[in-house]
Structures are given as C-alpha cells and as structure tokens.
Amino acid sequence: MSVLPYLVAAWVFLVGCYGLATSRNLIHAVGCLAVCQSATYVLLLAVGYRDGATAPVFSDLKPGSRPVVDPVVQALALTDVVVGATVTAVLLALVLQISKLHGTVDPDELSELRG
Amino acid sequence: MDDPLIVVALLLVAGSATAAVAVRDPARQALVLAVLGTVLAVLFTVLQAPDVALSQLAVGSALTPLLIMLSVRKVRRPKRREETER
Amino acid sequence: MTRRVRLLVMAVGGTGLAALLVAACFDLPRFGGDQHPYGDRVVRASLARHTANTIASVNFDQRAFDTLGEMSILFASVLGTVVLLRQTRDEHRAAPEPEQVALPVRRYALLVLPVAVLTGLYVIAHGQLSPGGGFQGGVVVATALHLLYLGADYRALERIRPVGSYEVADALAASAYLVLGLAGLVAGTAFLADFLPYGTFNTLSSGGTVPLLNAAIGMEVACAVVVLLANFLDQAVEIEKEGET
Amino acid sequence: MHHLLPVLVAVPLLGATLLVTAGRHLPRAAAETVGCLFAAGTAALAIALLLNSSPPMTDWVGGWTPEGGESVGIVLVGDGPGLGMAALASLLTVAALAYSWHYFDEPPRRHAGSFPALMLLFQGGMCGFAIAGDLFDAFVFFELMSVVAYALTGHRVEEPKAVQGALSFGVLNSLGAYAMLMGIGLLYARTGELAMTKIGEGLDRHGSPDALTLAAFALVLTGLLVKAAAVPFHFWLPDAHAVAPTPVCMLLSGVMVELGAYGVWRVYRTVFSGPGGIPASDLEHALVVLGALTGLVGAVMCWYQRHIKRLLAYSTVAHMGLFLIGIGALSPEADDGVALYILSHAGVKAALFACTGALLDRYGSVDEHALHGRARELRGVAVLYVAGALSLAGLPPFGIGLGKAVLEEAVGGPLTVLFVAVSAVTAGAVLRVAARVFFGLGPRPDDESSYETTGKKEEPETRSRLSRVPDTMTAVPAVLLVLSLAMGAVPGFAAAVGHAVSGRAAPAPHWTLIGVLLGLTSTLLALGLATLAATRPKLLGDGAWTAPLRRLQSGHIGDYVAWMLAGTTLLAALALPTILNG
Amino acid sequence: MNGWTVAATAALAVGVGATVWGVATGPLRRRVVAQNLSTSLACPALLLLSEGYDRPSYVDLALLLALLGPVGTLVFARLLVEDLAADPPRTWGLTYAVAAFGAAVVIAVCVAAGPSRALVKLLVVGALLIGGNLTASRALSGGFAGSRRG
C-alpha cells in the first residue's frame, strides 16, 4: 500500500491528459489541464511526507518536540498552485476570444490553422 | 502506510479528479472542480501541509470556479440571443 | 485527424506513459520515509533565522528567488489578461442592469465582507508565524471584495474598485519585492539577502525581511486577483459586440 | 561580479513594473524608449558578465553560500553557455523592441506600456531560465517565459488565427511544463535535492539507473522538448509562430525554442550524465532519432507551405532537429558548433521574420501565391531576404555556415547528408519565396483552394497598411544579418565562442576546406531547388504525397496532446535499453 | 489515530464521499447542493483534524473554508440562476442535518479547547459555517434573486 499516493498522482495526471485529448469544449479542456496540474501537487506533497510527523510550523509547536515533514516540497507546491491559477486565467482569456471570433468553443469546429 | 485518513483523502481526490474529467459540460465541471479543490485541501491537511491547503482553498473553492463560470456565461450569452431571435 | 486515430495515438501514448509512471512509482522511496536531507537543513536554517513558519522561510528567504519568479508569473499573467481581454474596436460597454438580490443573501454578503477582508489581512500578517502568508491572504482579500458583486450588484463593486489604481498598486508591490531584493545586494551580501535583524522568535516582527517580502506579495496578489477578476467580469457583464443589444 | 547574476533577471522585471506603474500617463514613445533602455541595459549587463565568465561564476541567491558543501538556497550558474543564451535573448529583445517602434496598431487603451512591459517580462524569464542552476528554479522561469509568450502570441486579439494558435501553444506548453514538474518531483524523491549538480550526485550515489530514473528523464525532457519543438511535440510551433506579431516571432523562433534545446543540454550534462543517470549512448540514440525525424518533417513541411510565416516556422523546426542531433553528439566540438549555429541562426531567422513583417504591413498578405511579383519595389527588403536565405543554407562566411561545418565534422557519417539536405531544402523554400515575391519569377501559381492555411486576408499589424517600409523595419534585419555574417567572418569570434562553451577541451572552431565545400554544396542545392520550383512549379510543387503528414497538423488541441503522450513514450522507449541491461 | 481523527475519517469517507458522488452525477439541482454540502462537511472535518493533530494553528484552514466555501456556492447560485430557477433544489432536510453536524463538531471542539482566545476563533468559525451554509442553500433554492425576477 505504500505506493498508493504515487499511483493516485499518476492516475490523476493520466486522466487529465485523457480529458484534454478527448475534450469537446475548450473551457472543459482548460479544466482538465487544472486536473493534470493537481497531480503534481499530490506527487510533491506525497514525496515530502514523513510517518507520524507534523507540519514544520512552530507557532504552536516547540521546535524539536515532534518530527516534521519536508517543508521544501510544500514551498514548491505553493508556487505551483499560484502558477496553475494564473495559467488557467490566461488560457481562459484566450478561450473567451476564441469564442468571440470563431463563434464556437468546440475544438473540432476550429479550422483556421491546418497543414 | 497504515493511516486510513490518508487513504480516504487520496481516494476522494482520485474520484473527484476522474469526475472532473468525465463531466463534459463546463458549468457542471466547474462544480466538480470546486469539490476537487476542497478535497485536495483536505488531502494537503492530512499530509501536514497547511500552507498549501490554505492556498488551495483560496484558489480552488472560489477563485477558479468564479473564473470558469464567468467564462461560461460569456460564451453562452451570444448563443442565448440567437436562440431567442429564431 | 479523425477521432479514432486520435484515440489510437492517445491509447498508445497513454499506455506507455502509464506503464512508465507505475514502474517509477514502485522504485520511489517508501511513502512516509525518513530521508529528507534538504528538508532537514531547511528547518534548521529557518529556526536559526527566527522564522516560525518554515514554509515562509523557504518562500521568502531561502528560496526567495523562486517566489520572485512566481510573483512575476502572476504579474505577467495579469498584464497578459488585460491585453487579451481589452475592449476591441467592434465592442462597446453596456451598463449592466441593476439586479435585486434576496435580502438574506445581501445581508450575509455585507456582513461577511469585512470579516473576510480582516481574515485575509490576518492571514497575510501572520504569514511568517502560522500557516498562511501573502499569497493565501491576498486571494482571500480579493475574493472578499467580490462579495459585493454576489451580494449586491456589479455597479456596487465598480464603485469601490477603480481598476487602474489596483493595476498601479500591483506593479508597485511587485517592484517593492524587487527593490527589497536589490537592497539586500546593496546593504547585505547578495540579492534577496536577509539583511535586517532577525527579531524575537514567534513574534510579528521576526524573520528580518521575511515579513516585508510577505507583505509585498500579499499586496501584489490581492491587487492582481482584483484586476484579473475585473477583466473577466467586464467581459461577462459589460462588454458586448456592436449590434448586440 | 557573481553577485550581479540575479540582477540580470531583476532589471527587466523592474522595467516591466515601472512601465505598468507609469504606463497610464506615459506617452507611447516614452514607454517604448523606457522599454528599450531597460532591455539594452540588461543586454549590456549580460555581455559584461559573459566576458567575465571564465572560470564560470556561481551565485547563491540570498547569500546562502554552502556550508560543508550543502546549501539551502538557489544557485545561479554564470558559465559561457548560460550567459551566452541570456545575452542572445537580451540582444534579440532589444532588436525586437527597436523593430516594433511605432509598429503596432493602437496600444490597449490606457496601457501604452503593456507591450514593452510584456517583452521585458519575457526577457526576464529567458534570462532566469538560462542562468538557473536549480531544477525547480528553472521550472519557474520556464513557466514565466511561457506565460508571457502565450499572451504575446495572442496579442492581436481580433485575429481568429492568433487566439487559436496561442491557445494550442498555451495548452501544450503548460502540459509539458507539468510533465517536467512531475519529473522534478520524482528526482526530488530519489535524491532529496534540487540543485542540478546535487541531483546528479544523488543519482550516482544510488547506483545504476532504474525505472524511476528513466521516467524522470522522459518527463523532464518532455517539458523541454515541447519547448524545443522536437517531433512529435512540435505541432504547436507552426500554429503559434505563424500568428504571433512579427517582433514576437523574432524572439520565439530566434531564441525561445532554442532555450528548450539548451535546457536539454544543461539538464543532461548536470543531472543525467553520471553513472546513475542515462548513459551517453542512449541519449545520443534518443536525440539523434528525434532530431533526424524533426529535421525531415520540418524540411518537408517547410517546402510545401505557402503561408510565409508558417514556412519560416517549419524551417525553425527543421533546424531545431539539427541542433538536437548536435547536442546528442555530446562532444565539445559539437557543442561549439551548435553554439555558433544557434547564435547565427537566431540573427538570420529574426531578420527573415522581420522582412516578412514588412511584407505583411505593406501588402496585407503573407501568402506566397497571392504576393507573386507584387513586392518588386522593395529592393532593400529583397536583398536582405535573399541574403538571409543564403545564409540559412550555410553559405560561407556566414556564421550558420561555420557552425554547421563544425557540427558536420563533429557528427560525421551519414548524418552529414541530412544536414546538407535539411539546410538546402529550408533555404530553397525561402529562396523560392524570394524569387516569386520580390522578383516575380516563373508563372503565377494558380490559386486553387486547399486544405492548408493560406496567408491571405491577414490584417497588417500597423495602424494602417504602410505606403513605405519605415527605416527601423529594414535597419533591424540588416544589422542582424551583418552580425550573423560577422560571427563567421571575424576570425576571433568563433574562437571566443568555442572558448566560452567548451573551454580548451576542443580546438577553436575554424573554417576547413570540407566545411566550405559542404556549405557551398547546400547553397547551390538550395539555389537549384528554388529555381526549379519557381520556373517549373508543377515539378516540385505537387505535395500530394505529403497529405498524410499535413493532416496530422490539424490545429486540434486533442491531437496535439495525444501526440505529446506518444512522444513521451517514444522518448522512454529510446532510452529503455539502459534499464533492461542495468 | 485518536477519537478526533477517527471522527474526521468517518466524516470524510461518508459525508464528503457522498458529495463527490452527488456532484458528479444527476441533475444540476443535485450537483449544486452536493457542492455546497461538500464545503459544509469538509469544514467540520478540518476542525476535527486540527484537534486530532493537536495543532491549533490548523483552525485557520477551517476558518478560511467557512468563509470562502459559501462564497463559492454563491458564485454558482448567481451565475446559474436561470438554470436553477426552472428546477430549484429542495433539500432542506439534508441541509439542516449537515448544519447540525457542523454545530455538534464546533461545540465538541470548543469544549475540548476550553475558555481561551482559541475559543473565540472557533465560535466565529461555527457562526460562519452555519450561517454561510444556510444562506447558500437558500440562495440555491431560488432565494437568490429578489422579487423582480420572481
């Protein structure tokens, strides 16, 4: 059972990719990209976990009294969350313009760029 | 890995992520994504990452759904008009 | 490419990647393992600099350069959204209709708004002590302002939200982070060096430059999210194509 | 001196924040001047650092210098290749900003500074990525560079093609970046470190490579190769480069894509090259296969384009294939060659895009067929165009020719044929465009409707269609071409590049008789192909056999994502022998 | 594991698990209710976890969720108002049950905390949680728009 968290991360990533490849709506596709990204958070935090440990936040904890989990991955995941939110915003802005100019958000109906 | 709490949180994440992909209508997907955000925050708490959980809550429970729903509204609006004109 | 070909390629690629990832999972160290050399060093360094929240110490001191990049991503995406969602020549603004919201919802929104703003500020201010920090608190503050849109109507929100000032404040906060970094170079030893006294452990002024950088990020994020949402709200509520009524 | 490394990132970012702060009240000319000044200042700093980069500098941001060999901070590496890429990116940003002087249509209302601010952010992201010595830091700046690039690509929001291309670009590159981050997570799990050299040591300590190493390798390289537009990750590139505003194209094709290849080089060298990583033979295997595929697909698709910007974009794809082969060779001589090649290719490609921009703004079209013979009056642009095309073919003494000659010698064998063929075909296609558009050679191509994207009905990017091409729009490409000529012709330059890249490990790159002959061969071939194509369009113009290849480039995001997954699998499969034997 | 974490596990597995199922399937009116309930169930779970891990600072998480969860639901209530008006959800029984569960958890945690500054924060969380949950439910079931929309 000790690989379950990693397998969940892999599953979430793959399922997001599947959704992205088969999406019929660009807003849905951007949502699927957000799902792909949540896989990276799960992986990072799972990597940093330590059995029986607690968060390395010492406002209500005496330093050294309990084992703590890896703070580095948490900082990385935090950065990653911000990146994810902003990328979502930029991509949604592009989807809005596509819907205005093409009159559709179905990738199957976009035919401007080919060959 | 004997902590059932972590297992439960992981399964919830896997389930809601799958649902977020399987639900094809963007408005309904936004609902699932909001739940995914909450569930992820719970998972992060269980993995002892309260800082990440806080930012996931801040982003996932209100900001991302609002962005997606505003986009859905904008994309739907012209279509509505055409339908009423017909 | 037809749907079937795409699914076929997808199936091949997905299966391969799945096999690869699963194989990698079984080679990963055991979940919950005890080997975190970098993490242990970080905790020691954070305590040495009197920063109670180690994650804040990583974000604003030890790996502050990453946060600079992260902040620039946010800044860039806000600027990008402003450019992408600008009002084009064939669009005009239509004044949104006033909307009436049921009284309980309205009361709730107006009551929670100040609580949420205060909570956001609290989360920012305690960033280097307890979980939270500039990013989380900034998003809460910005989201809280939009309770006005939810609870009252768009025009109420527009009154307290001069987007231009928020854009300027966003840029100023971002430059404050950079200037603090350069001050580290001038006054201290290196770019983004923590050159201020570290203070007393577990108090608001501990951690040297950490609270300052944290505050800059808080302001930047709050303003950035307000501008971001303003552009989407404009699109959804106000901006219409010529010819539409 | 090493303390100034992070300033290389801070200066352009500071410029961008300043432009946004003051942009509401600044007149446009002032905003553009400020943008140019900050970009030029960064470029000067990058060059100053580059001149001091031997021996390589390292800087620990925040003063977290290692104690007992271990640090908690982020390391920046200021060596020849890294600072060279930063200097190239900065100089090209200056060129693009100079080119776009008064170029665009109205800036967004009350946002006069937004375009130069975005360019500065782009520059900051590229510099940050080039000097990153920490894997996660590299990811962050990689994302910064990408996010700005999406926004810049979609800058012309009234163009249906622009926003579609920008979205494909955005989705593919973001997904690639997330794949890279998964790989970083795997590496962190194994080694518990983030500095690239430390990760490499950690992998070596663990012993021989296993599935985890392979997966991390494939995932990290996926992110970088998506950026580097290697087949089959390349689909976004023609879509994005064909639609981005011309100054942005100059940067995208000239340096951003090359940064992907640089990332592959850096990551392999520092992380995976030890005994615990991926053996050199496997990397060579993988990169040569992908590079050859990329070169061939790029060249074929380039030849059959009629949309001039797409044609140039495919030629970038083709040349990226050659760079990847060179990087895969893993020898100091090949590194020198690739470095020279990338430097002068950047100048030439940017100049060609700049000339195409002039066509677009003068005639409102970038369609080879529709423009047939219409640009006879633009003599200056014609000269620049032909010079650019010839140097793309590797005509001595242009820098591309020298870089390619050095590379061909280092790689050797049957791959030389590929090098000659790819540069001849891509340069031939550009020459064909020049012959038709500027000289009106050959019969007017009939205007049958076809599957592919044409370049007709493009909106000019300037306020109105230009009646004459402004001086900045010809001066910038002229300077760029002169620089790329100087790279091959000034004897000391190539030696300096060689010294900066590989130290004294390899003899200084220089012209040899075989190199000159190979360069002349591909130039003559290109000329022949172009003449043949212009005068006898039927003979080489029938691209029916490429139809399946062209159908793959469908503009559909789902297709591109599927290919990306397949590409990751292919990459892992190419490096698999290690694991099976180990 | 202690009693608090066992309770949190149960709340997550049964309560939040059900809402994940509810939000993924069925008509829109069921999905919005499930989304609302997911936050109202996760918030008490976070309180229980804070107590179970003996980390008072984790209460901030519950505070934030109690604040922002209903805001998220109001977003959906506002922007889906037309779809919901045609087919409004009617699930007051479930809503009150979840609110009661939230109240019980808050009281239990308060008792465990004893009179202190932390108690004030817990009470604020409780008030926001229950008030927000009920308001959001009301907004969803057609109470969002005022009389003008009818």
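Going by the order they are written in, the chains are A, B, C, D and E; count residues from 1 in each one.
The criterion applied here is as follows: a contact is a pair of C-beta atoms (placed from the backbone, for glycine too) under 8 Å apart; a residue touches a chain by one contact, two chains touch by 3 or more.
Remember, predicted model here, so these are calculated numbers, not experimental data.
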Length of the shortest touching-chain route, chain B through to chain D: 2
Pair exhibiting more inter-chain C-beta contacts, B-C or A-D: A-D
Farthest chain (mean CA position) relative to chain C: D
Centre-most chain [mean C-alpha coordinates]: A
Relative to chain E, chain with the most remote C-alpha centre: D
Centroid distance [mean C-alpha coordinates] between chain E and chain C, Å: 24
Centroid distance [mean C-alpha coordinates] between chain E and chain D, Å: 50
Rounded Å distance between chain C and chain D, as computed from the means of their C-alpha atoms: 31
Where chain D touches two or more other chains, by residue: 136, 140, 143, 147, 150-151, 154, 157-158, 163, 186, 188-189, 194, 551, 554, 556, 558-559, 561-562, 565
Junction residues of chain E - those touching two or more other chains: 53, 55, 57-58, 60-61, 64, 68, 71, 75
Residue numbers of chain A (touch at least two other chains): 2, 4-5, 13, 17-18, 21-23, 30, 39, 46-49, 54-55, 57, 59-60, 68-69, 72-74, 76, 78-79, 81-83, 86-87, 89-90, 92-97
Pairwise chain contacts under the document criterion: A-B, A-C, A-D, A-E, B-C, B-E, C-D, C-E
Chain E residues touching chain B - in the complex, by the definition given at the top: 1, 5, 8-9, 12-13, 16-17, 19-21, 23-24, 28, 31-32, 34-35, 38-39, 42, 45-46, 49, 53, 55, 57-58, 60-61, 64-65, 68-69, 71-72, 75-76, 79-80, 83
Chain E residues within the chain A interface of the complex: 53, 55-58
Interfacial residue positions of chain C with respect to chain D in the complex: 1, 6-7, 9-10, 12-17, 20-21, 23-24, 26-29, 35-39, 41-42, 45, 58, 61-66, 68-70, 72-73, 75-77, 79-90, 164, 167-168, 170-172, 174-175, 178-179, 181-182, 184-185, 188-194
Residues on chain D engaged by chain A in the complex (per definition of touch): 136, 140, 143, 147, 150-151, 154, 157-161, 163-168, 170-171, 174-175, 178, 181-182, 185-186, 188-189, 194, 238-239, 242-243, 305, 450-453, 550-551, 553-559, 561-562, 565
Residues on chain C engaged by chain B in the complex (per definition of touch): 31-32, 53, 55-56, 123, 131-133, 135-136, 139-140, 142-143, 146, 225, 228-229, 232-233, 235-236, 241, 244
